[in-house]
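What follows are several structures.
Here subunit A shows up in two complexes: once beside subunit B, once beside subunit C.
And then the complex of A and B:
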């Protein structure tokens, strides 16, 4: 026991129990705010269910059928997979503008290795995946070791990878029939399982499994906790024993790897290998992430939210198309959703418990 | 007796600013060494050089007689040096438990830990709760609360608990009581004495002279980037110490040699 100073003795008789506070006097709005703060992925989930219900009421069987609902899954599979890659990078307070380009280049590598060089398809797929991972490594190295801003690095890589893609492929498309005949493995993710009216493509199933897997990794493993810590405050993370550089490089490499899988799924989705496909991948994946409630400042949000965000966009696109509305209405509403999502994010962040 | 931690001729420059100017440092076994000095004297840089957060440009550091070269805080930590930084080094959005175990997470036993790499949240929570209770941080209600929801003092308490729980060779505390209340400061001082009684030496950086003179065995006075002198708190008064560190008075010759 140290020698207490005179004025400190007054504190000797203070209570030692864990402090308890009354919480029952909170209003319903406050409680909702609290719940949303605890689980930020609830917001996009509520919006998703709400929009499915609204379109279901407006369109009836046409929308509310297993076929239409699984069609949405198929339509968002590419955005969902790219969004998973994008989520990882954004959680580290970065942004990856090159996801779409890496996806297309990887699919082109898979196609050309099979058709131009006549390599076994398995090897071509492996080369495509290695190509995507390597692009991710370049991003990660420039961000983590050279300390360049992720926005600049990936903006540059976007142009570089896209140009490489056009130069390398000579802007030639490999036709779907040729792939189906000679290298059906490239269209693996286009395979379907149907029961009843529901149709699940392998690509859509892969997207859901990938998101579930990443949700587990982010929540339950040390690496996942480190990703959040790096996004939250990289200096604090470094001082408290996180290998920040290694974590960042691994995140960008994993992002590149996932983009390569998106490229494989893209072949399954459109049937052919086309250097001009998937141009909107960047913007759509960032949209899914933002609507899904992941903070662009890093360290907050959940990857499940991203999946819900992608599905919300899918529901709006299909619903409005079935209603016969001009496609521009979809973009207009998605713009509103993005701003609304960030506003809600700011509102729930005010609750500090 | 050979000091457990010894540094000679440490130099660290930031551009043209010299933060450490051929600084020496000694920490003996089982002692509490206070480091005091004016703002900008280089105290924080000194302890960062020792903990591995900055790499000195020149100079050598020995831990238990063996020369060590730290390139990251993780190196220092692996060597058994645990630090509470002034900035506290916490991730605000993560929970208290997450922060305490950052970089040394416990995994579940068996298959789920080794193959699925699953973390043992329960064991980590129980450990964190126990360490916080030892420190008397009773006003923390929920161990899974995000650190950003804690007050400044509570955050500091968590950081001190983390260092005390894991430090095995040396514990460095940079201003550990700056944001704490009267009761909590007392707990931290008791904790410091408790850690010493376990045989682990402590480096305490503080501006609080009563605290320094109460717990320190020796006081390292830092001035203009180097060690000015080391004094025994029993031989000098607080005003002497303040006079030395601000340059108002020349330090005694035998203390400079120590």
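And then the complex of A and C:
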């Protein structure tokens, strides 16, 4: 054994360090890129804080008051909740164009079950939630089992659900006063807690809690990691033992369920059950998701970013209105933000370490 | 030109004959055909319009076919509907146009083919592109609620803080007319009557847009309240927007000291007047527009008479009434009970 062969001697002089990625001599820009790659929600957070500061400086007390700042939370609650549903789907590299429609249909079901059929409100709410979840299941089934592209499936479902909504409701509004009198549970999310000038509606609180909960689930549970895995590379996920179909269906069902809750929150927000509201929910939620830095290619991004994205839109809308700007400027700036967000995302993806 | 028109007429007649030949039962009835084309078939306003048209058509023995755009603003579907009506050999078309200027060429085609085209509710641009227009006087509708608000406030009108909840940034004519009518009625200089938002009266806190629904109404009201929380008069483009504005006021506990006025006269809106959510609303009559329209088409088919516009106006005014239970001095109004009888949707 001691009789070492000649060629083995070289081994003693070879480097002993294990192969490793170089982590030093990186420029500041590279480091920032790296940090942003690790935490994709940082960019929208920075933009959010920046925009609050700018509008605060320009408008002073009017904007920088607890009242105005919590008002923004109230105004984005619906988009925020829909955005949570949208985020889940987009993380699987899908897209859900039917979120707004499912929301409205669910709220209409809740309203009509209480008023047209006279069922107890608890049951009506449960029916609305079941309706939303079922719509989500159809989406999920068509995407996962029938292998249809999510864009097409939800484009179709958007039309189907909206038409169902109008046919079923005959486009009749149920008035806020009647609801307050006979079925106050429908307006549950309109309740509020106020201290000082700050007003937190249950809907706004629900939105924040929902996003925190989903952020935890996505990061810390097996199901959450599977969602990312499916979005990143469904074949690799399949080969690693992830139940891709089951995960996809569960994502769309959960998305439908969240939309139904958005429908419930919508009743709280506008007081009445109105079949014509929420028509732009799909576009607005996708906007929040994109500004929030979630990649439309799936598998990357954080749901917290979506919340910041929704808040950025809210801050811009209210801030610009208070400045007296024409409402068109808001849309223009949001358009700029969307493109900027995706550009930043592309740049971050190029990170080499 | 004339020969071309004749040729076209001949062509359409041939097309119509073809249709009749393939549907002998239909041809045998010799009934007058009419088309109703609305912006959508979901808005209760148009639903009521369709009801009015169907009832009158059944009464006069006119065979009515209804078409509608998929959403408000769906121009293509309306053009296709006009083409279908021409091919179908209809005698006349009742149209609420989504795109009031682009539709003109299709309307001209129908008129050339000998159809009577009546614009309902929404005038075309220019207004004489249609044979007649049956509509609400939207300026008058605004003026009524403006006068009512000013009279109700009395001397306080001089210190009013007014929120203007409009329809859309594109300033469609209906929204502009109501807005400017309200301001005129209230006694405010409107500057250019062709657009809103150019007024400089300090009593106006601001304009915001609502898309004419509850959600938009609430958001717009919140925005304007953030600008000035002491707003005490709110003009709204329609009743859903008013309901949304009320929710925003309720959220800060000011729902009882603010005057909300609106336009439309839909049943939920009139119920809101009853409950004190809305102070007064100007009611319009879609059912009447449609039934008058069918009558006009029947008359046209019979002896070629065209409807004449209301004196002093370039359209046939189907009337508007102020609905309130708190009548104000010098402003004519009808009670909520009466408004309920005539409401739509």
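Here is the rule we use: the second predicted complex is superposed on the first by the 329 of 353 C-alpha atoms of A that agree within 3 Å, B and C clash if a C-alpha of one lies under 4 Å from a C-alpha of the other, contacts with A are read in each partner's own complex, and residues count from 1 in each chain.
Please note the rule applied: a residue touches a chain if its C-beta (ideal position, glycine included) is under 8 Å from a C-beta of that chain, and two chains touch if they have at least 3 such contacts.
Remember, it's a predicted structure, so these values are computed and weren't measured experimentally.
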Touched partner set for A:321, first subunit B, second subunit C, both or neither: second
First (subunit B), second (subunit C), both or neither touched by A:199: second
Touching partner for A:71 - first (subunit B), second (subunit C), both, neither: second
Partner chain(s) touched by A:299 [first = subunit B, second = subunit C, both, neither]: first
Touching partner for A:229 - first (subunit B), second (subunit C), both, neither: first
First (subunit B), second (subunit C), both or neither touched by A:242: first
Partner chain(s) touched by A:220 [first = subunit B, second = subunit C, both, neither]: first
Subunit A contact footprint on subunit B (complex, rising order): 53, 72-74, 77, 83, 85, 87-94, 98-99, 102-105, 107, 116-119, 136, 138-141, 145, 148-149, 182-183, 186, 189-190, 193, 210, 214-215
Touching residues (chain side subunit A, partner subunit B) in the complex: 1-5, 7-8, 11, 14, 16-21, 217, 220-223, 225-226, 228-229, 232-233, 235-243, 299-300, 352-353
Subunit C contact footprint on subunit A (complex, rising order): 62-63, 67-68, 71, 74-75, 78, 166, 170-173, 175-177, 190, 192, 199, 266, 269-272, 274-278, 317-318, 321-322, 324, 326-328
Sites on subunit C touched by subunit A in the complex: 42-44, 47, 169, 206, 208-209, 213-215, 218-219, 222-223, 226-227, 240, 243-244, 246-247, 250-251, 268, 271-272, 275, 277, 345
